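Beneath this line is the structure, given in structure tokens, with notes to follow.
Letters A, B, C and D name the chains as they come in the text, with residue numbers starting at 1 for each one.
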Amino acid sequence: MALRSGRHFLQIPGPTNVPDRVLRAIDSATIDHRGPDFAQLGLGVIEGLKRVFKTKSDVVIYPASGTGAWEAALVNTLSAGDRVLMFETGQFASLWQRMATELGLVAEFVPGDWRHGVDPNLVESKLREDRQHQIKAVCVVHNETSTGVTSRIGEIRAAIDRARHPSLFMVDTISSLASIDYRHDEWDVDVTVGGSQKGLMLPPGLSFNALSAKAREAAKQATLPRVYWRWEDMIRANQSGFFPYTPATNLLYGLREALKMLLEEEGLDNVFARHARLAEATRRAVRAWGLEILCERFDMSLGTGLGKVQGKVFRIGHLGDFNELMLAGTLCGVEMGLAAGGVPFKQGGVQKALDYLAASS
Amino acid sequence: MALRSGRHFLQIPGPTNVPDRVLRAIDSATIDHRGPDFAQLGLGVIEGLKRVFKTKSDVVIYPASGTGAWEAALVNTLSAGDRVLMFETGQFASLWQRMATELGLVAEFVPGDWRHGVDPNLVESKLREDRQHQIKAVCVVHNETSTGVTSRIGEIRAAIDRARHPSLFMVDTISSLASIDYRHDEWDVDVTVGGSQKGLMLPPGLSFNALSAKAREAAKQATLPRVYWRWEDMIRANQSGFFPYTPATNLLYGLREALKMLLEEEGLDNVFARHARLAEATRRAVRAWGLEILCERFDMSLGTGLGKVQGKVFRIGHLGDFNELMLAGTLCGVEMGLAAGGVPFKQGGVQKALDYLAASS
Amino acid sequence: MALRSGRHFLQIPGPTNVPDRVLRAIDSATIDHRGPDFAQLGLGVIEGLKRVFKTKSDVVIYPASGTGAWEAALVNTLSAGDRVLMFETGQFASLWQRMATELGLVAEFVPGDWRHGVDPNLVESKLREDRQHQIKAVCVVHNETSTGVTSRIGEIRAAIDRARHPSLFMVDTISSLASIDYRHDEWDVDVTVGGSQKGLMLPPGLSFNALSAKAREAAKQATLPRVYWRWEDMIRANQSGFFPYTPATNLLYGLREALKMLLEEEGLDNVFARHARLAEATRRAVRAWGLEILCERFDMSLGTGLGKVQGKVFRIGHLGDFNELMLAGTLCGVEMGLAAGGVPFKQGGVQKALDYLAASS
Amino acid sequence: MALRSGRHFLQIPGPTNVPDRVLRAIDSATIDHRGPDFAQLGLGVIEGLKRVFKTKSDVVIYPASGTGAWEAALVNTLSAGDRVLMFETGQFASLWQRMATELGLVAEFVPGDWRHGVDPNLVESKLREDRQHQIKAVCVVHNETSTGVTSRIGEIRAAIDRARHPSLFMVDTISSLASIDYRHDEWDVDVTVGGSQKGLMLPPGLSFNALSAKAREAAKQATLPRVYWRWEDMIRANQSGFFPYTPATNLLYGLREALKMLLEEEGLDNVFARHARLAEATRRAVRAWGLEILCERFDMSLGTGLGKVQGKVFRIGHLGDFNELMLAGTLCGVEMGLAAGGVPFKQGGVQKALDYLAASS
């Protein structure tokens, strides 16, 4: 293979660039997952994750990618034939809906145009219509990796409350966690689904469920079969920092390092501000190029088209371990790519982004 | 924390010592799992794994630990209420049986003394008794991590054939793969379950199913719900080296390096011979100490007691990336530990092991 | 310390960005420098270096930074009071001259404006004037790290030949080796000085002398005291791949990997072409900004001012493991920095560089 | 190359086993050696080294191996023709004496049997004989890497004082620093020479001089030519954490990590106690084997024969990052090796070492 000189710009919307420090932490000798050093590791990362999810409740960690954490959310709380309410905000919402169906649930899938987040009023009216409370869960994707569409979780929570509906509320934060502000407890979410390979700056291979007391209560009645994903075994073993089966120890080393960077060094609020600023610079470049931004104002990542928008859009990933000059290099690459590909566009996008970055620094 | 100088001797029966080369391979930048470099990686590791399992059929790789691959074996092939035949050869066989029950299967669990492998004759008679072919799967643990008991898979296969029973045959090789000879195709196994953190010398976080055509056929009828574990999506995406959801890319880098070491550099036969020799040296030390070896002749790993034998035995792990001097240091540590712990034993075990190693080198 | 998110752009003219592969190679267990594995390493890197210097003669490797290799060149070949001819092409030429003086040599230092390379005609006339052949060495810096000024070594060689002067010819290639074409044998250079931390993409800590037979002959008469730097001990031990004293083993691992990348994967000609193209793009950006390029056409690295030009110039490093998008990010950073610093400039430099890169790809 | 499974036991007397943490620290991106992060690194490692040398005076760090630091000690303080007093305690003392001669010094080399350290009374009488104070330096190797012979530096200091001789006192601690107690200030040493690759647990490539005010004063008069090794440039630049020429930045990262382990985590006194205990266990094994220990009581490392004792002895390295089980494995390897090589010996050495380790734990 011919060598490609210099650093690769991995600006897909995930996996994101893993910081060297995190890679080096992963590159440490595996330890006994039944011993005292492990217990300290286990307790530490669970505690740190709670701060990221902004919850005082339980967070469980799976040696699995994000799809596994979706499945865990559903099989722990629901029974065959249960109804769930889902919203078509993009490709990943569609995949989650397909999973629900294949697990034997009855998913009502509210159609969408892939350009707007979930409408809280629509949630309210759907739930009000469900007089007999057959809907057991409302499932929303916080930020759509495929489109950059972000839904307002706090407003959806308020809508559910207004409808006085007992449904569980499940949120996928795979591409928003640790890049857009998220508040599991304040927004009273019952199951939050997260993954390692976006804002947490880790390689893929870990995923998460943050729970509420109501979700754990629902798990007692739920009859979908489950062992690997079962929360109760996890939570019991986690009390002392251990896991019910062999954990992905080395990825947990990486998680410990990433949490240190996010919580203790940069600080979550600075992380959010950095992402917002780089996102705004990106949008200004796109507009100056005369291209259309697919999604509404809350977008976090543009991107290459998945599903419905395949061949029609591309996404400019700017999640995770990222800074001004990496973005600048990326946008220059996009501008050269547009020219090389014969796409009609106006020059000057990079300049607009630089102007914004310079003005906002 | 006080520093512990020098290298830790991780001689538990797994996770095993991960070679520096494998750790360093994992410590590489994550790449796009939809791009051409990834396809090459994916195709390569699947091909290598087939050589380790000794199969020309399909091998699927889960971003999950071994327990997940157990669950995958069961949910892909069986339906609620199906009967499975299992054998109590130790702690892990017991856990697999508990999982089967919790997934809604009816597990017949043949009791055992944790000192002997599965008796092929017993398999034959159990299957002959099952005139109506209600038993859908015979599940055996090849090597019991908890006791070192090894079952003879080829002879069990012959017993199933003699009984002319159509049952599926499932084998757990989590602690035997790449350390004891194993032959998926020759022994006509339908589902082989494997994990990354023992003979494959990787951190935990990957697990495997090797399949037969009969297993894939059974999957078409099986009704236990499954999405994350579903073979067909995996196999379809794997054709081009990809995965149906985000794979644990960095662990796959490690797998590629470990396969290179096992298949191209040391060679599987040499790997098996090395393990057999170090195991024999270990047994000689144990006998010279006047201690009892828990299991019969085919043992691969002694160990600290789990389950039934908790507090009664300890295990001397010697799997994976291991050599004479590491074993010697380990046995010296055991001998010093026996003395320190006031355990009655005869000195001289280390000497016997050294004599054997010197004579057999 | 507050975390700085994302990758640092180390665009100083050296040390350059060390590729991850090289860092990972360095991060390997140190081996016995008297054993057979080391011999293989030693022979391999010496052989590879010869290809980089384009010589069939000897190359010696010092566990030292570049300043050490300068000293080695002088103390191996010269005696107290010897005259040397040096040229003020920038800061490093000035430092080398100072070193010569401090070692007891008599350095004639031809003044320069830091914007032009050495004039071959001037070399010829200086040598012709030296009827009694008191000048023992002509010392030239190939590429001035401080200014980007490149001197034409082949033409200077021709000038020495025309003057029929027996002087040794010494060339410093610390910031040109493996980024601009260099030909030790073809240009009949007697001592070439090189370092690890620029085009060779290594951390600092290794430096080199490539020799001629004439240089080794001169060493027999030279009386400046030397032990650490003595060539003959090196060359003798190097025959079998060893060193006369403990070598910097781990940096040699990195050198082996870097040589593999340069020679076997990218290829030296491609390396040179890449550097030339990125340099041209940089110059176009600088001109578009309305700034002045300090040096003449052969420049390789602009830079922050050292010595004479301190506070007046800055240098844009683009040596080593570098590509289009890294350059683009760097130039964007320069443009934002010019704005932030209130430096009068015209926007559009980045655009010019992108246009050139797109057109020349 | 055939794969050698498991971890290599690098039990030569140096380079020693580099801890993974130190390797991983070295495996970090090189930074600008003129920037503020570097200044912090530079100041930190110099401060830590002072604690290791037990000095409040200056310590300089060379990007060079130990031989360079020997040369630095001599060329900074002495002039051609100066007399130095040296003692033949082993191979490295002999090499240092040869270097002195080759640098133009007149070395009086007191013969020795390679089994005993320097006799303080002999130092005193030699200095008393030198009525005209022609001896400018007394040079002693603290611990001889080639034989394990250790000299009593404090007693030699007292002998010099008793002789009321103004000579400088230089000590080579390359294989003793950070493994045997050493006190630069208390013992009033003028130049202490150290290296990175033994007790400091680093790869080779860094070496050190610890100075006294008297040594710096001597440097003002000394006329041996020097630039790379010149202390004054180093000390001036070091004030702000920088270096007069490019330092070996990545090895300095490793030094920072190693100093943290030695000073803050294990503690120097514990480091010394650990080395003493493992050394005693080693000697007991050797005696039980019926072999002869080459050196007197203060030995630290046995070893394979260099120089005079080539082919007659071997050395069992146990310096640096080392613990009981690594020693046990090493001794088992020696015992198997003696048997394999047909060397007459008595079995039981390993047992004696284990007994001692168990009793002393």
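Going forward, a contact is a pair of C-beta atoms (placed from the backbone, for glycine too) under 8 Å apart; a residue touches a chain by one contact, two chains touch by 3 or more.
Values in this document were obtained by computation on a predicted structure and should not be read as measured data.
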Could you run down the chains that neighbour subunit A and subunit C together?
-> B, D
By Cα centroid distance, the chain farthest from subunit D is A
Higher-contact pair (C-beta pairs counted), A-B versus B-C | A-B
Approximate Å spacing (C-alpha centroids) for the pair subunit A, subunit B | 34
From the C-alpha centre of subunit B to that of subunit D, how far is it in Å?
-> 47
CA centroids of subunit B and subunit C: separation to the nearest Å works out as 54
Provide the list of subunit C residues touching at least two other chains, using ranges where the numbers run on.
-> 17, 20, 24, 27-29
Mapping chain-to-chain touches, which pattern fits: line, ring, star, complete or other?
-> complete
Footprint of subunit B on subunit A - complex, ascending = 8, 10, 12, 14-18, 23-24, 26-34, 62-68, 71, 75, 80, 99, 102-104, 195, 197, 203-205, 224-225, 227-228, 244-251
What residues on subunit D touch subunit A, complex-wise?
-> 20, 24, 27-29
Interfacial residue positions of subunit D with respect to subunit B in the complex | 1-7, 9, 17, 20, 261, 265-266, 271, 274, 321-326, 328-330, 332-333, 335-336, 339-340, 347-348, 350-351, 354, 357-358, 361
